[in-house]
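Here subunit A shows up in two complexes: once beside subunit B, once beside subunit C.
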Partner chain A sequence: MVELRTERRYQRGAPALKEYEMNKLARWGLTMPATIAVVLLLVIPVVLTIATTFGEAAGPFSTYTAFFKSGFRMAVLYRTLQVALITTGIALVVGFITAYVIAQMPGRLKSIMIVAAVFPLLTGVVVRSFAWLIILGKNGIINNALMSVGLIGEPLSMLYTQGSVIVAMVYLFVPLMILTLVGVLEGIPRDLIEAATSLGARPIPTFLQVILPLAAPGLIVGAVLVFTGSFTSYATPQLLGGEKQMMMGTFLYQRAMVTFDWVGASTIAAIMVIITIGVVLIMSRMARRLNPMAV
Partner chain B sequence: MATRIHPLLGAFAILVFFFLLAPLVIIVGSALSDTTFLTFPPQGLTLRWFANIFQMEAFRRTAITSLQVALLGTGLSLLIGIPAAYALNRYRVELPRWLSTLFVLPILVPEIVFGFALLKSITIGLGLPVFISLVVGHALLILPYSVRVVGASLASFDFSIEEAARSLGCPPLKTFMTVVLPNIRAGVIAAFILAFITSINDVSVSVFLTGPGISTLPIQILAHMEQFFDPTIASVSVLLMLVTVGVMAIVEATLGLTFLTK
Partner chain C sequence: MTVSLTIENLSAHYGTTQVLKDLSISVAAGELVSLLGSSGCGKTTTLRLVAGFLQPTSGRIRLGDRDLTTLPAHARDIGLVFQNYALFPHLTVLDNVAFGLKQRGLAKTDRTKRAMAMLERVGLAPLADRLPAALSGGQKQRVALARALVIEPPLLMFDEPLSNLDAKLRIDMRVEIRQLQRANGTTSLYVTHDQEEAFSISDRVAIMNAGRILQLDTPEVLYQKPASAFVARFVGFENLIPMKVVERQAATVTAEAAGGTRLHLSQDLFGPIKDDFILACRADGLAVRREGEGIPAVLGTRTYLGRAYQYKCKTAAGEITANGPLSDPLDAGAQAVLTPLPEQCCILDPED
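And now, the complex of A and B:
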């Protein structure tokens, strides 16, 4: 009886089995082109690039010790970290307040404000950095305005300073922060804030104890986006920082394409990859732990 | 959430929007200035700087390259990204989890590192033509958009509709084209737009992949800026902004702009 059943099932199951095999084939076949593309064109090239840094005659870590011992190279790394951290901090505060205001707006005004934030985001990095050349330049708007008022006698040199890079970076990344946070803030249930208010909480404690914890995961996502974006940027430090304000991105390019020091460039690349991926991993773990809705 | 806003917060937000939009207005203004140097407010109004772009062969050529790379790269990334997004959603439990991480790697790896690695391995290592490297590099750079954005629309797609079509005898590819694809149309359009915009504005990857005679528009603009500081750059920037306006109009017409906050 049992044998007969298995046999029948086998006969009946044949098409189902075929279907299963086909599904298996389909799910691998469908993901295969993208998988091959990423592995072949991204993973292998990047891993090989990093691998070349360990193949020096002077020892596997010699390029790294050289990097960490060189005052100039460490200054570039510190400057990059500093610019990225300051940019992230400013973008967090500015983005949060603006997103908070946008989230309170009635429908139509809200969409207009979102459009106004999206538009710069969709405009290219080169164009947006270029605007600051016109604003901060020797013959720029600020200098012309200050001179015509008579506040200064000679044009200030504001370009190619850390300040000019940070201003342009904040300009670049605030829209990203706003858009990340508007979604998060809109997702906070109204009842929670009403509950806090009706129980007598003042605005500031409500903000600190209700809104901020609920927005924390979003703030972390935004911070990661802005930090990694500014840490690895190229066009903005190139245009507004120049040689004087070299950052990791421009330093990598200079080593690779101007001095043709490919091992040096690969070392910079490796350090950038490790810092970016490290920050993303640590922060995403933190975001998961901080999410009060997940408990 | 909707509470009353403190006037100070409102004023702050207005200042932020001024900060976001004023630089773009300044670019438009200086593109129209009838001077040989960049200045704002414009002194005299002229369109000659726009005419000047079309006379400069380098801008025309690189604009065409940029357009070709963006279209081919976006097409390629959708071609491999949509099937992957489909499989990830359809067979979620049966596929390993690292696969979805793999497809966002191009966002995780710094662009400038990716560009350098591509130059070393593809352009120089394999000796592929610069144009091919550009297309391939851009396609990979924007693959996460294809997979994630299309994936987001597939996540709300009811696969039982597809099974109904299949059980009624519709072949798999036809089912996908006539049942699945129309349902995830919004996601595909959104992915296309984000990918196209990212590609056409890209600097960090392209900066390594330009060779003799081949360059993209943003790279050409950067190179021009290092030598000249005339309103031509401002007018090229205005044209690029017009592309963005066009794209946003398409988004508004097809999806509504609020989808961008999701």
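And now, the complex of A and C:
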């Protein structure tokens, strides 16, 4: 009886090993379609796009020197960086506070609040940018309200400013930040905060020395999401910034689709890719300094 | 700097449920008192109230001449050791231990020196630069202990500190905790659900149930003279036999259990016996004999315990567990008599 059982167990063990081998094959097989798609549709086009920028008659880096010498182009780059960094900064603060409050809530309310925070993501970027057009416009809600109360005599021009672009972008990206941070903050054990408190840490040192470092990985992921999103955004600066507030995204579109300067557009694209990668690297280094556990 | 902890008439509620009912306890300076009970008995709630993580609905908590009741948690100056260690994962072992000193505004060199000295004491100095993730469970618990001790708190509290460790390490660690606590003379409150752990480490143990302390005594008294049927069951009295006195003659009473079993009990040996009582006997407290005076029983399954044979016995008063001598193994189905041994039994009031 006993022998029979061990034999059966042995037989059950053997195919398990084979299954594992198959798994290895299957793993390759299953990741192949996605890998091929990414290489064909993303890696090759990006490489080709960037390659064209080095093929100019005036020298391989001529388009880049031209870009960095042009005051107008540098102003666009500077403005884009500024808007993206300010947006990221505001989104970090607003998102962190909101996420912190949500993370403390009891289960049911928490789910409702998360759904509420994420709800705007269900509509398109263009629709959400349009909403701000209605709010901030000459005949918009704010101007009408202020005029009817009599606080201002004539409508304020809030649209087509850097402020209007930033406001709309913060609104666009805060849900991403909240979503990222709620998960991270929920993952911080209550015991750690209690341990810090029992050791004499007041609320602010507890926040700075325990909560913030432990939330760092989430803050970085959120910041990267918001920065890359706002740095490369097109619809929002197009709708709310107009010609005066041209950013890299809108500038690239203009180069490619209005002046048909494909090499110029590719150069802009290459610079955007490099800056994005650079910022991501800087941010992850900052995270590691705050929390050596962070990736 | 040894002071006493006094808890007076403490009550606490979670929402509308009262989890702590008018609890009073005092821990003398340098004493280690355990709160022992199953989960939900209020032991952890008591600890969290003293730590300041919960607010009581009424009552007072005093540590020496300081009233802690309304003091914020960070100002209470209590060393806490958590069940899951609660080490800061982003800080090195040294920085974890120095954390409390940093909050007290000590200069970096001072706090490093003191933290290193503390790590030396728990034998972890060579691991000072590691992150907690690179430590074993026992090492983590030592770091947690060092972190709580280094601030030289007047009160140490332990929340089931050993329940995540394996059996052998648990015994080593509890000896170590006891030695450190004795050496520092720190007043300590220790929460656990493990009776052996509580009895081995404590000066006194409070057995808790449903938000109340049922009995607070030394382990010896609790083990030998439990004050109630609940405590008796908790400390391992397997047999609780309800009885009624039917006749009193001088110092001896004749009492009857369910099913008509009669026993003659001497009040000189068992202490005063009321008309209604419970005879509580450990398995060791009932001698299994082939004949004599006692509870007639039919023996059931025999188990070998190493020091004795244990029998599940059928009697008119219900099922009883008793241990018989190794010299005389009896078979299942044998007739025997179970005689209560006064030093291993006690007389309790009936349960409500």
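One rule holds in what follows: the second predicted complex is superposed on the first by the 252 of 295 C-alpha atoms of A that agree within 3 Å, B and C clash if a C-alpha of one lies under 4 Å from a C-alpha of the other, contacts with A are read in each partner's own complex, and residues count from 1 in each chain.
Basically, a contact is a pair of C-beta atoms (placed from the backbone, for glycine too) under 8 Å apart; a residue touches a chain by one contact, two chains touch by 3 or more.
Remember, predicted model here, so these are calculated numbers, not experimental data.
Of the two partners subunit B and subunit C, more subunit A residues are in touch with B. Using the contact criterion defined above for the overlaid structures, shared-chain residue A:199 touches subunit C, although it does not reach subunit B. In the superposition on chain A, A:286 makes contact with neither subunit B nor subunit C.
Of the two partner chains placed by superposition, only subunit B is touched by A:37; subunit C is not.
Subunit A residues 189, 197, 203 lie at the interface with subunit B in one structure and with subunit C in the other. The touching residues of subunit B, counted against subunit A in their complex, run 1-6, 9-10, 12-13, 16-17, 19-21, 23-24, 26-27, 30, 37-40, 79-81, 83-84, 86-88, 90-91, 94-95, 99, 102-103, 105-106, 108-114, 116-122, 136-137, 139-140, 143, 147, 172, 197, 200-201, 203-204, 207-208, 218, 221-222, 225, 229, 233-234, 237, 240-241, 244-245, 247-248, 257-258, 260-262.
Residues of subunit C that touch subunit A in their complex: 51-53, 73-80, 82, 84, 86-90, 99-100, 102-104, 131, 133, 147-148, 151.
Residues 189, 191-192, 194-203, 205-206, 209-210, 213-214, 290-294 of subunit A touch subunit C in their complex.
Against subunit B, in their complex, subunit A makes its touches with residues 23-24, 26-27, 30-31, 33-35, 37-39, 41-46, 48-49, 94, 97-98, 100-104, 111, 113-120, 122-128, 130-135, 137, 139, 141, 144, 171, 174-175, 179, 182-183, 185-186, 188-190, 193, 197, 203, 211, 228, 231-235, 238-239, 249, 252-253, 256-257, 262, 265-266, 269, 272-273, 276-277, 280.
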